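Presented sequentially are two complexes of subunit A, the first with subunit B as partner and the second with subunit C.
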Partner chain A sequence: MSKPIVATTSLAGCFGCHMSVLDIDERILELIELVEFNKSPINDIKKFTKKCDIGLIEGGCCNSENVHVLRDFREHCKILVSVGECAIMGGLPAMRNGIPIRECLEEAYLNGPTVVGNEEGIIPNDPELPMLLDKVYPCHEIVKIDYFLPGCPPRADLIWEALVALVTGDEMKLPYEVLKFD
Partner chain B sequence: MKTGVQKIVEKYGKDKTRLMDILIDVQTEYGYIPHEITVQIAEDLGMSEVDVDQTISFYHFFSQKPTGKYHIFLNNSAVANMMGRAEVAHTFMKELGIRFGEVTSDGLVGLFDTSCIGMNDQEPAAIINNQIFTRLTPFRVKEIVRDIREGKSIHDMVVADYGDGQNSSDLIKSVVANNIRKIGPILERNFKPGQVIEKITKMTPEQVIDEVKKSNMRGRGGAGFPTGMKWEFCRNAAGPKKYIFCNADEGEPGTFKDRVILTERARLLFEGMVIAGYAVGADEGILYLRHEYKYLQAYLESILKVAREANYLGKNILGKKGFNFDIRIQFGAGAYVCGEESALIESAEGKRGEPRDRPPFPVEKGYLDMPTVVNNVETLCAVVKVVLNGGDWYKSFGTTESTGTKLLSVSGDCKFPGVYEVVWGFSVNDILDMVGAHAEDVQAVQVGGPSGAIIGPNEFNRILGYEDLATGGSLIIIGHNRDILSDIVLNFMEFFIDESCGSCSTCRILPTLLRNKLLKILDARGVKQDIDDIVAWGKILKASRCGLGQTAANPMLSSLKNFRHLYEKKIQKNKEYDSGFDLGQAVKESCEATGRVPNF
Partner chain C sequence: MSQFVKFTIDTIECMATRGQYLVDAARENGIFIPTLCNYPGVKPKGSCRICTVKVNGKLMTACTTPVAEGMNVENESAEINDLRKSIIELLFVEGNHFCPACEKSGSCELQALAYRFKMLVPRFPFQFPYRSVDASHPKIIKDHNRCILCKRCIRAITDDSGRSIFAYRKRGIGVEVVVDPKLGKQLTDELAQKAMDICPVGSILVKEKGFNVPIGARRYDKSPIGSDIESMQISKI
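Showing the complex of A and B:
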């Protein structure tokens, strides 16, 4: 039987969850024995080259590109997992959700105390740039998410055990201590 | 105003741990706490402005804006709504010409929502300038608004007869009714003040604790921790001073038994606190009383005065050298979470009512970092009877695991809402029979308030007690004409959202997301995934620090468990996933702000 294929991405996140994946230390060797990686910042494969079994999503969706990537993941992965606070609840980026996006942009590019040298008063508008969403969305509000791994970031052990459980099909143990992250 | 505030601060010895009292006095005196007063209080107490600010902003009954000469807080509990709150609220808005959260332009009246005020057996009810108005109707609201416009005093606005018992005493004069429907060994009338204090002066503290341990009594607040063990821990804990707290913050919607005890059996309660003090070696007791019961203040103070005069409180009580104990009343200011013991202690220290990390537990490090016992009102009343009649006597009531009696607060769709003292071990069916509700007319019973469970007829044979169906005592009976999801569950979720202290991200965020899921389902946009999400996310709430967060998903989890068909009836069958997300709509605003045309 061929190895299960895993893809990962970081949307509106800080890459902390990916760091936590790397934090499984020497088990990464074991992991490579266990699974094959496709599109992921870990191996720098930028486009899906085949259908995958598991997609790990870090971060929520703050712009149109995030939405495209996430939908692409949904299309290519049998199982999608929201990994960490931002993917599950929007996290830190979602702190802007109480403020209208226009106000955020004006504060960042026009009126903020650190704005210098923007005499023409331009808010970046190049068509190449992703378009910002009105608020930061958790992943499950955009596509169907199958599993959620809480934590900021989820501990390496938790990610490891979740991956192993998904690959082996065993039920995952989630003791209270592992879930307590506040 | 400045000198007035100075006087208030000095009244509490410029003690920053008494910030709650200072703010309550300022709020009562001026109707709000303006910024310049916050600055002044901070200066006088040697605190930073934000420290004062954060306490003010935490509590529902503190306001940084004027709340009007008359401030109306209309209860928003599920039962209030069942009893016709919507019409009452609508009439208030129409007559006053304002919405909730607003003050009339002439500054006369402010209208506000508030969580359960402990009057579930006589809803809809409101608190107006600390006075309780029960059984409101649109007609009554018109009268009240007319009286307000005529400038009548609050006491002159009470047109009904005063309530029964002490409610009509000079120091209370309230329309609140006790509705005591069943009296047992704790509420019985033949209580003789001072008798138990006389008895303990002849016992050692260890003997008192042993008797309580022998009774197998467990705390009546809901968590059910063995009382004798708690006292022993505190007695053995090291500390130069120890404290007894009575938790009278009764905020669980549907619970009102403590209000009735405080009204009719306050002496019993205070003597229970004296016993606890003697047993653990504490010389100071604090009754932490919810602000909603401020109308009882003068009355309770008078009872403390009488007790002091009889030397049941004070120094060398009844001549026993070194037996010193006195009680003061500490008011809260409207926060459900303060019913959690460590949050209650934080609040009594003048801070935001945020639960502490445990351990250390309050019995080791509680109020002002000293060993502290926090007991429920009913617990402290029961220990009086335990000490008087013995632990074996107490054990003769109830079941093996659940000894003694329990005060039930019964409300909702039944003939006789009120307070019942029953021995543990009755089934829900028995209780329904007792309160005048036919089982066939009952769709569901909410046991233990929003943090408890909602059960259907197939579970009405379950037994009340720690072995089976544990409860802090609240039973809300829900008839067939109610929509469980929109009338009950939604209300409870809104309650948890309002009352979260915000400390743990789980409890700050998830209840809102769960509520949104419920709204989606009620709006017929839900899919099966939403139900699965609710179950999965509910589990994550267990990671919260205190009981509020840990149980905040219970309204949805327990209704899903027992009334799953109500959810399934409302979801879309042919779709697996539907979040209603529209990318075009989501980028519209930012594209307008930057002058871009959306390109996908």
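Showing the complex of A and C:
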């Protein structure tokens, strides 16, 4: 039987969840026995080359590119997992959600205390740049998400358990100390 | 009439003092009924509905219902626990709960209940309401993003003449719990600390006291909320 194929991505996240995947330490050797990786920043494969079984999503959707990538993952993966608080509820980037987008941009590029050298008062709007969304969206409000792994980042043990459970089909245990929101 | 009554919770036989509220009676019998707005020693209010149980088949709040002889209470059923879980989920989506950046994380009762009920994601859409943080009081910060309007602070924190130092402001969906502008000066250091401790979430913070307990040593890092009560039951058997 061929190995299950895993893809991963980081949307509006900080890469902390990916670091937590690496935090499984020597079990990473077991992991590469267990699964094959496709599109992922871990192996730097930039485009899907085949259909995948499991997609791990870090980060919520803060711009049009995030939405595009997330939809691409939904199309290519049988199972999608929201990994971490940002994917699940927007996380720290969503702290801007109560504030109008114009105000956020003006604070970042015009009025903020750390703004230097923008004498012309330009707010970046090059067509090459992804459009910011009005707010940061949890992934499951954009596409169907099958499973959720909370934590900031989720504990390495939680990610490991979830991957093993998904690959082997066993039920996942959720020990108290690995299910945390911080 | 005897001073004691016999009743059952999930078919376990219990005994309590007549007139005791169900949550307290259950606790004395080593059974945990989850609570949020209720606080030992403070007059019950029955506002959050987390403590919902079925008494002789009817839904009731255990923090406001006195025990009576022969009551059959249903506490740990799948139906009731899902009702409770849905209330927790509602509280998460109707405020702004960014646990990774919250001073109360690890010691928060709302979060601890979410852990206990294994909430992975709320079933309701996130509202992301606009709420402010009020740091104008010299001693405390009032973060409206996290307030669950349980009224514990209003009921428990009073000045020498029994007036509440915390109060409601605005109405309906915009309602906020604030420090009463006239009585705010009466908030002593001890009362400020008491208010922070009594708030189940991270909505009342004594200035410069946040994040002073390391991760791993916080109240609910190692053991679930209610496990202290349940361990009494186990040792009793």
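Just so we're on the same page, the second predicted complex is superposed on the first by the 179 of 182 C-alpha atoms of A that agree within 3 Å, B and C clash if a C-alpha of one lies under 4 Å from a C-alpha of the other, contacts with A are read in each partner's own complex, and residues count from 1 in each chain.
Convention: a residue touches a chain if its C-beta (ideal position, glycine included) is under 8 Å from a C-beta of that chain, and two chains touch if they have at least 3 such contacts.
Only a predicted model underlies this, so the values are computations on that prediction, with no experimental measurement involved.
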Query: Will subunit C clash with subunit B on subunit A after the two structures are superposed, or do they fit?
result: clash
- prompt: Of the partners subunit B and subunit C, which touch A:Leu132 in the superposed model: first, second, both, neither?
  reply: first
Message: A:Ile123 in the overlay: touching subunit B, subunit C, both, or neither? Say first, second, both or neither.
response: first
- prompt: In the superposed arrangement, does A:Ile101 touch subunit B (first), subunit C (second), both or neither?
  reply: first
Query: Of the two partner chains, subunit B (first) and subunit C (second), which one does A:Gly55 touch, if any: first, second, both, or neither?
result: neither
Task: Please indicate which partner A:Val67 is in contact with in the superposed arrangement: first for subunit B, second for subunit C, both, or neither.
output: first
- request: Scan A:Glu141 for contacts with subunit B and subunit C and give back first, second, both or neither.
  value: both
- prompt: Is A:Leu149 in contact with subunit B, with subunit C, with both, or with neither (first, second, both, neither)?
  reply: second
- prompt: What is the contact status of A:Ser82 with respect to subunit B (first) and subunit C (second): first, second, both, or neither?
  reply: second
Message: Quick check for you: in the superposed arrangement, does A:Leu92 touch first (subunit B), second (subunit C), both or neither?
response: second
- prompt: Thinking only about the overlay and not a real complex, which stretch of subunit B clashes with subunit C: 260-268, 278-286 or 440-448?
  reply: 440-448
Message: Residues of subunit A that sit at the subunit B interface in one complex and at the subunit C interface in the other, please.
response: 85, 89, 135, 140-141, 148, 150, 174, 176, 179-182
Statement: In the complex, the residues of subunit B that touch subunit A are 503-506, 509-510, 513, 529, 533, 536-537, 539-540, 542-545, 576-577, 579, 581, 583, 585-596, 598-600
Field: Footprint of subunit B on subunit A - complex, ascending
entry: 64, 67, 85, 89, 100-102, 105-106, 123-125, 127, 131-135, 137, 140-144, 148, 150, 174, 176, 179-182
- prompt: Which of the residues in subunit A come into contact with subunit C in the complex?
  reply: 82, 85, 88-92, 94-95, 97-99, 135, 138, 140-141, 147-150, 152, 174, 176-177, 179-182
Task: Provide the residue numbers of subunit C that touch subunit A in the complex, in ascending order.
output: 92, 96, 98-102, 105-106, 111, 114-115, 118, 120-122, 125-126, 128-131, 215, 221-224
